Amino acid sequence: MPIPRNPRKEWLHEIIFEADTPTGKVFDITLLILIVASVLTVMLESIDSLASRYSRWFYIIEWGFTIFFTLEYFLRIYSVYRPRKYITSFFGIIDLLAIIPTYLSLFIAGTQYLLVIRALRLLRIFRIFKLVKFLKESSAIVKALNASRPKITVFMFFILVMVIIFGSIMYLVEGNQNTGFDSIPRSIYWAIVTLTTVGYGDISPVTNLGQFLAAVVMILGYAVIAVPTGIVSAEIIRGEGKEKEPSTNTQACRYCGKEGHDDDAIHCKYCGEILNED
Amino acid sequence: MPIPRNPRKEWLHEIIFEADTPTGKVFDITLLILIVASVLTVMLESIDSLASRYSRWFYIIEWGFTIFFTLEYFLRIYSVYRPRKYITSFFGIIDLLAIIPTYLSLFIAGTQYLLVIRALRLLRIFRIFKLVKFLKESSAIVKALNASRPKITVFMFFILVMVIIFGSIMYLVEGNQNTGFDSIPRSIYWAIVTLTTVGYGDISPVTNLGQFLAAVVMILGYAVIAVPTGIVSAEIIRGEGKEKEPSTNTQACRYCGKEGHDDDAIHCKYCGEILNED
Amino acid sequence: MPIPRNPRKEWLHEIIFEADTPTGKVFDITLLILIVASVLTVMLESIDSLASRYSRWFYIIEWGFTIFFTLEYFLRIYSVYRPRKYITSFFGIIDLLAIIPTYLSLFIAGTQYLLVIRALRLLRIFRIFKLVKFLKESSAIVKALNASRPKITVFMFFILVMVIIFGSIMYLVEGNQNTGFDSIPRSIYWAIVTLTTVGYGDISPVTNLGQFLAAVVMILGYAVIAVPTGIVSAEIIRGEGKEKEPSTNTQACRYCGKEGHDDDAIHCKYCGEILNED
Amino acid sequence: MPIPRNPRKEWLHEIIFEADTPTGKVFDITLLILIVASVLTVMLESIDSLASRYSRWFYIIEWGFTIFFTLEYFLRIYSVYRPRKYITSFFGIIDLLAIIPTYLSLFIAGTQYLLVIRALRLLRIFRIFKLVKFLKESSAIVKALNASRPKITVFMFFILVMVIIFGSIMYLVEGNQNTGFDSIPRSIYWAIVTLTTVGYGDISPVTNLGQFLAAVVMILGYAVIAVPTGIVSAEIIRGEGKEKEPSTNTQACRYCGKEGHDDDAIHCKYCGEILNED
């Protein structure tokens, strides 16, 4: 049974959720620019010299962004027929998390830096610019990563066990003469730094035996780095040729929130409601 | 000739070795939790601030775990018909090594840190949770690694020779002006750190010639890192499509200890003894 | 309508642009040597001890190279029939950028180091030595990289978002106790250093929570390094077998500047002008 | 025309060059052990604490090895019919280089460390132990590397140009405020350390712009590391299935020195001489 249509809701939905109409596109691009600007503001605010000089301006700008994003969040909820679907969706949660920290900062100092979570909202970019080609590629990567998840999980589990054993051995070997290896957890941190070939050098072995063991860990890491790469390569190669052209339509159903409608679709293929005419 | 059945042994065997019955599963999950807890205890004990404050508690908990694992070890030996098979198996050795260090610590200080070898017992996890999908993937990795072992061995041998030569040259070049390169073994350690792209920076060249040679080693390492990755990738790609569904049955024969029985098997397919029912 | 032929222009064009005739080849090889020499001069000039002792010589040599390259640049413009085509081409722009810094250094100190842009001119080497085999390989790499550009772009975008989030979290965690993490941009720099496994160690976490998070970033980076490698491997494997023998002819049309003519071509296949006889 | 046979030469040739007879095998294994021992001696001698205490012993042992290897070298020359072939072969040159440094050390101090070049002699190991399986794998790697050489060369050339450009830019940006970037060659060294993800941290950017540029170099390096790996992977995958069983025969012709004879061969297939019977 179709829900009775509400023209104002539909007009808002078309602007806020879709990028097929000129106003919808203008809205989305403005939004993107504001997101980038707000992320940059948070970053600049963290630089002490800037923060102390322009603290008042940062305060004003921050609240300006937050009020705008809060408004946008409630308009999104208002414009869909089934708000719960939007609120519990990936982007619904991100949109909420992107405004909460400013309000929290009234009570707890420092939380405004959590606003960088707004960066995640940038992922909308792929939808707005109809970056279909990119979306397709992205889904190919995601598929390959999904397919290799069990292999990677097993691999990571072995790495974890290995890193615990090696960390403990190094703690025994270096612990007395090296302030870096002052506990097993810290030695495990060293083993991870070494095995992943990051190698900060904040902790490094000084005894002969420690350096020999470290060399073993490195060579192992060298051979081992080949494994995830091989797994992912194999999956990507296997996945090629299976790719299909995804839909370029950005319409989202006002009732159930689902996307992926064909350009000539009149009814939502998931819930049967009538889609926006555009 | 079948060995005469012993119901108590069989009952114990079903609980300890198999995870098909509810009691068997409860036992195995309890065991896993205790293993994780005991590994965490060893880690926390290595942190000086905690060790000095709670030394008494650590002592008691440690002995608690050890006595439980010792008991479990002897029950395992008791419940199988051919104990020697279990004792000399991979997990049998790990199970023994997981309890010895506590007893050794009565005589030699510091050995309790070796208890982290218990982490290896965690590998049972794959069997207990019937992580068949994961086991399958794991065996694919292991097969790929096995298949590429000769290539990797040859490769490692060349790397070893290269690292000796480069280390010695750097010792000649940097030895006089750089306290880091104070012997050939240490220079070889540097060469390994560099070639594997770990790069701690605890030893780094300071002379012009030394930095030039280091750059050569790095670029070589850069080209060379491609080789094991390529080998493993090729093996994994080749190995795909050959994977078969492994058995999900966790039963182990009480006589010969072998696993991999079919769900409808009544006799062990390796020694002909009767398997546990259900 | 053919442009009337100008024998002097054509003679110059054959020497400067082509490498099919002995004089053409001599010119090109001389040019290469001078480019290498001028790049080396700039490098050596940057070493303080040399710069102060031989500053006069460096000044003279630098101007010598610049005057020669300026002359060459104008001869190139003169010898082609449609100079605009050359000036706006890739090598035309590089050739101009390779002489400007010396003139700029008359007004602004320090600009002469920009002369290393001459290094880009070395890319001509592939054309001059008819390194066809290499060119072919190069085009295979370029094709593979082009084909994987959308995937890599999506991947890089995700990395960027991830690095912003991780950098900010580390700023919150480490900011108070670690002078390295003194702003979000610097923490993002740290996150990039870590995720790419470079790991200078100029900034490294000191708190327990910070080291734990760093370990997470590293293991993530370890898994993630597999993705671009897999993408490029897949493209190169896919691209194999499609390679065609490219032309070894180095003739460039004097009118439209295009290359790729067959050895027996008399007219440019793009604009119909008559090619140099050689 | 066959060279007249010389039984003593042939007997020596069979012992020294071949590993098919018991005496030949004993000789070769003794040789390997002596090579390993002599390399270890050189390494240990470089450790100051050992060198000062046992300098006399090192001196005696070193000369012992050198005299033995010198004798062996001349016996090798004597036992082949065409000594020039052996002397100019890969192993002939290595064998000479492995003894020269000790004699040189009579005139120039410090040259004895060059003796580690003896490590290269260890490559004989593959032949002596008839490690055919390994040799086969090795030749697969070598083939893959050979096939990817042109691609790797082009790639390395681009890396070189990039590293020069980036090093110079960093010299301009960081040169004034950072003692690490004190000349363009050193900045290029930094660029190589960074691009290969080694990241010692002995030189690292301190300015904001410098850290931003460094981040660009790293991300570039991250994408770029994929290229050689992809190239080599593709070649190894392509090369699979083409592998043939290589000969396990270790006979070497006394006249032309060539190997690769079939087990039932009587005459050298390259020069027609009669091979050793055995």
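Should a chain be cited, it is by its letter among A, B, C and D, assigned in written order, with residues numbered from 1 in that chain.
Please note the rule applied: a contact is a pair of C-beta atoms (placed from the backbone, for glycine too) under 8 Å apart; a residue touches a chain by one contact, two chains touch by 3 or more.
Predicted model, so just to flag it, every value in this text is computed and none were measured.
Chain centre most remote from that of chain A: D (centre = mean of CA atoms). Although chain A and chain B carry the same sequence, what matters here is overlap: shared residue numbers make up under half of all numbers found at their interface. With centres defined as mean CA coordinates, chain B is found 33 Å away from chain A.
Chain centres here are Cα means. That of chain B falls 47 Å from that of chain C. Shared contact sites, meaning residues of chain D that touch two or more other chains, fall at 185, 188, 197-201, 225, 229, 231, 233-234, 237. Viewed as a network of touching protein chains, the structure reduces to a complete graph with every chain in contact with every other.
Residue ranges on chain C touching chain A, taken from their complex, read 150-151, 153-155, 157, 161, 164-165, 167-168, 171-172, 175, 182-185, 188, 194, 197-201, 204, 208, 211-212, 214-215, 218-219, 221-223, 225-227, 229-231, 233-234, 237-238. Touching chain B in their complex are the following residues of chain C: 197-201, 229, 233.
By the touch criterion stated above, chain A contacts chain C in their complex at residues 39, 42-43, 46-48, 110, 113-114, 116-117, 119-120, 122-123, 125-126, 133-138, 140-141, 144-145, 152, 156, 159, 185-186, 188-189, 192-193, 195-202, 225, 228-229, 231-237, 240.
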